[in-house]
């Protein structure tokens, strides 16, 4: 492989951050959730993903207002976790390169994006 | 459908208990887990499944000794949740019929079974 | 344990059927799905669950019309698998007791129920 | 945000590739799998992930020999999907920047890595 095809540390950091986001979303999407159980699920999501390599910090906010609105329109008292109920920040450090990433709803789709890359 | 094909309340209770076990196992299997994050994951699993209909109580014990043994044999400091690390009890009540169910390892396989059926 | 708390074969069969439903739903909910990929996912779901003990037959129908309606209301060309897009039948046989179970939408909730119990 | 913190197209491509890997692994890990059902699951995994944005190609190989070895050591005729049974390649194109990524076992851990970055 020629040198210019080799990933930089910043690219590897971004790849690692993406892995964490895909993991978080698809491990936990579908989990039964209610306003009462939201807090324990958010904590478990943070601590689970922080186990992964190069992961410095994970912050999961469950949008309780959105959750309550969904339940008010339903006959059930719980629903399934999906991106609509989440705001997530993940910070990865790979070889001194720090990447900050975020997921939030945009046009009805849970958009994951890189906010900043430092140290390259 | 003739009467004798209709499920009894006890059968419906057992069906509901099975749903909870399948949900718990396959929602959370694969989650990154370490001794430090085991407690928050166990709590989230309990509270998530207790949201489901007819579910009275869920108790999740992570077998920390088994988890530590797996990590001692590895170069990583976390692993993936699987049945080997779990003991789970789930109690369901359906129309006054109470079913107690349990999962634990047996011959290397996470066996789910009904412990007792009351109220039929 | 007194005899009358011991599960019958029919109750054990219903428990097993519930496990299959919880597994199917929570293993695959959240999977990226489009009209083009629906067929391969349905086949994989059927064959995966048929591996489980006592499982005789699994039939997964993806409701393509519902899927296309969801995509027509969106800017994306795929979505996440959820109960709204599924109709599922699972047949379990436990010690000669056959249980037929079904999941379909009812009042906006993916209701799982026992259709019939034979052989008890 | 100053310009030099903004992700490049190559970094965004690597982030997208990571998302696909985390999704693939944590959506499908835990799925019941046998030699007979491996092929349908591999196809479903490929087609599901190819739905995701910027994803050009996904190739999933189930290591049947490793699967058969695991079953030979067990009393069961199926097991749960985990990284040990998988080799995966994912190609992402983001704004003309192509990233090739791969997962295979290394030291008993399913290592995901970037093989090459083109077009930056």
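Letters are used for the chains, namely A, B, C and D, taken in the order the chains are written, and counting of residues starts over at 1 for each.
Keep this in mind: contacts are C-beta pairs under 8 Å (C-beta built on N, C-alpha and C of every residue); 3 or more make two chains touch, one makes a residue touch a chain.
Computed from a predicted model, the values in this text were never measured in an experiment.
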Winner on C-beta contact pairs when A-D is weighed against C-D: A-D
Between chain C and chain A, distance of the C-alpha-averaged centres to the nearest whole Å: 28
Euclidean distance of C-alpha centroids - chain C vs chain D, Å: 26
Centre-to-centre distance between chain D and chain A (centres being mean Cα positions), rounded to whole Å: 18
Numbers and ranges of chain D residues touching at least 2 other chains: 23, 25-27, 30
Arrangement of touching chains [line / ring / star / complete / other]: complete
Sites on chain A touched by chain D in the complex: 1, 5-8, 10-12, 14-27, 99, 101, 112-118
In the complex with chain C, residue positions of chain D that touch it: 23, 27-28, 30-34, 36-37, 40-41, 43-45, 47-52, 77-78
Chain C contact footprint on chain A (complex, rising order): 25-26, 29-30, 74-76, 80, 82, 107-109
